[in-house]
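The chains carry the letters A, B and C, assigned in the order they are written, with residues numbered from 1 in each.
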Amino acid sequence: MSDEPLVTIRGLTKRYRRRAGAFSAPVEALAGVSLTIERGTVLALVGQSGSGKSTLARCLAGQEEPDAGEIRFRGEDVSSLRGAARRAFRESVQMIFQDSAVALSPRLTASEIVGEPLEILGRGGRAEQRRRVFSLLEAVGLSSAEADRRPLDLSGGQRQRLAIARALAVNPRLLILDEAFAGLDASIQAQVAALLQDLRAREGLTYLCISHDLALMSVFADEIAILFEGRIVERAEAARLFAAPGHSHTRALVAAVLHAPPLADAAGAT
Amino acid sequence: MLRLARRALHGLFVLFGVSVLSFVLVQLAPGDFFAEMRLDPRISEATVRALRARHGLDRPLPERYARWVASLARGELGYSFAYGTPVASLLWPRLRNTLLLTGTATAAAWMIAVPIGVWWASTRRVAARRGLAVLMATLLAIPDILLALALLLVAVRTGWFPAGGMTSVGHEHMSRGARLWDIVSHLVLPATALVLCVLPALTRHVRASVASALGAPFVQAARGHGLPEWRVVFRHALPAAANPLVSLFGLSVATLTSMSLLVEVVMSWPGLGPLLLEAILARDFYLVLGLVLASTVLLLAANILADLLLLAADPRIRAEET
Amino acid sequence: MNRNFEFRTARAPPYHARVPGLLEVTDLAVAYETGGAPAPAISEVTLGIEAGEAVGLLGESGGGKSTLLLAVLGLLPPPARVIRGSIRWRGRELIGLPPSERRRLRGAEIAIVFQDPALALNPVRRVGSQVAEVVRAHRAQSAARCRADALAALAEVGLPDPDRLYHAYPHELSGGQRQRVVLAQALCCRPALLLADEPTASLDSTTQAEVLALLSSLQSRLGLAVLMASHDLGALTALARRVLVMYAGAVVEEGTPAQVFGAPRHPHARALSRAYPRPARPLRPA
């Protein structure tokens, strides 16, 4: 097993034409981003709106073509993949979005949503697929009662679990969490985060977590990369980032974190 | 300006397409104006053939089309066999009358539908909402022709309104004011028929649009700031609900135009409708084509107008387009 | 026995011993009446706010925070109804007041800002006129005066170049700017109390910090009382002097942020505090 990083991104650039009034100067969403993600780790990508986070996620998942730069997944250049290899890549990289109420089909029940990719890919017979669906739902903590509900009848936290179950159905290697915690209450965030950590340990997954919430990422991620105006300006472990922020934007983000008084009885954070 | 030019160009393409399609379809139908004559034993086959040749009906299809387009360009819009005159001279006065009827009906229908729809969407009284729903469903279910006939019946029985036509006998000799009143009194029934036919659909759309706008967060925010309810409904909900309604406006003109053809025939309103019916029955090709084109132009103009209104009403569309 | 009482006596002075303040809610209960048995949204809430005080309301989604704010304003959606209790504003009982009277209080004395400023503004109208409209609704003055007041409100919430932004549409502004406009709408008639329903929930972290700083400064500058409902402990710690924790429609704990988040007694409050991410802070000398 090589210890080559799972993902290597070099010089990624993406421009959009912006149409605001008379100006149509292209906006550089990503201006030469380079980063690596090691297997089995959680990398957080923290930035404000407009920093290019979602663009990076989409390029990595193969949903958008970058204007320049290269993305290597398991050592292979993503843009050169064709046919079966490209399909395999798509299965290996899955995304969880912020608002699963919008990302999941409102007409299907939870078990149908999880079973859909299996059906499409034709993995195993009907019975085998059903078993897999149930085991996935169980793994994310959804009961059989919830399996028959539609996404809009589930709570926010339950929906995110469903989205995770669906993503896991195709055995991905990398999960991109695009603001997956935003909009959830803190206690639900903690539950979903704990589930994800658990799954990571069991299945050997790698996460790229995109967020604007530095505090949450500091307890969830192994390392945090700060994205500012389309560039990575700093990357370090959470503790070092808070203790000694290097870049001015990092300092601004650290200063903006809203702190709650420390819990007296517990020995530190969650 | 650029948008207007683009829409107009687009409209021209549509017009071209419609002209070709209608031309081909009309010619494909069996028989022509002179087909009736063939049945008459007194007229010889040769005469019929000569008549057809004289009017160019034996030429190949593309050539006939080209000659017809040339006639359009000259402003004659083709030649009517039945009347023996260029189509244009028949068309314009009839078009004016149809526009009068359709225009009045459109304006009246919207002016009635919007207040009813807004009230329907904002009233809290369940009984009122159900009552309106039943009323509108009933109106929708009644066939248009039945409504028109029912109104005619009313006119005949009560004598309050003239039973058909656009002008009374001796119209030309009336004074200016009396002439105007004469036309108006003849306009009431056909316009009412049209309004009643199209009202259910319009009010339902207005209701749905306004109800959805009333459920929007900014409406609750407006109430939270202490704005009076009438302001919330008319200055906030209604403008936000305008977007789908403006698009509906273009469609409503289309619906009203096609309905008006029926109503005009039933109520003898001298518009495009009766003329079209006659022309179809007589297989007077070029007259039919001219009328079809006139309707198409009307529809296109209404839709371009709706597009422009939408631009004016919704700033988000303006921002998208620049 | 009043459940709230038990927790509060150990911390802050008992409520009834205080001088009656600006807003007093006593034993409030709100339920949704839809066909069958009424579903309670608020079972029993008692709270008080004094002039110029910043109070936080912590609770999870569906716990009754928004319902409480709407009940104070008199904007409960039709299936919901106050079934018990009283809400007094400056000593005056609000429940039972005719709707026109309550409407007069809204915006002029008690104002509200909702979550998601993108949705709180009418998308087809310019922002300046939306602020001026609120002024117009409460003050009988000329359109020019209303416009001037609106411009002043936009400047007060820290928007640069109010003259130009007056004519902007909501979709042309950033999230932070929109939230400031909504605040301008709420504050243009100088209310004494501002209700804020999750004001920072849909904002970026730097924008959140800015908005909270703005609220704080407005509070001290205008003597504004604030009741902020949020599920974010950090936001409440930053702004509120006193925090109430709501769970299943009742207030279960009350105290300063240090007390409620640092040493919570009610199990639910403890669970919420434990779940909140606390990044490792640099070690400070004891």
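To be clear about the criterion, a residue touches a chain if its C-beta (ideal position, glycine included) is under 8 Å from a C-beta of that chain, and two chains touch if they have at least 3 such contacts.
Just so we're clear, the structure is a prediction, and the values are computed from it rather than from any experiment.
Ranked by the number of C-beta pairs in contact, the top chain pair here is A-C.
For chain A, the chain whose average C-alpha position is most distant is B.
Chain B and chain C have Cα centroids separated by 53 Å. Look at where the CA atoms of chain A average out and do the same for chain B: the two points lie 54 Å apart. Mean C-alpha positions place chain A and chain C at a centre distance of 33 Å. Of all residues in chain A, only 48-49, 156, 183, 185-191, 212-216, 218-220, 238-239, 242-243, 252-253, 255-266, 268-270 touch chain C in the complex they form.
Chain B contributes residues 124, 216-218, 220-228, 231, 235-236, 239-240, 242-243, 313-316, 319 to its touches with chain C in the complex. Within the complex formed with chain B, the chain C residues making contact are 73, 75, 78, 103-108, 111-112, 114, 116, 119-125, 133-134, 137-138, 169, 171-172, 182, 185-186. Chain contact summary for the complex, chain C toward chain A: residues 60-61, 175, 201-202, 204-209, 212, 231-235, 237-238, 257-258, 261-263, 271-282.
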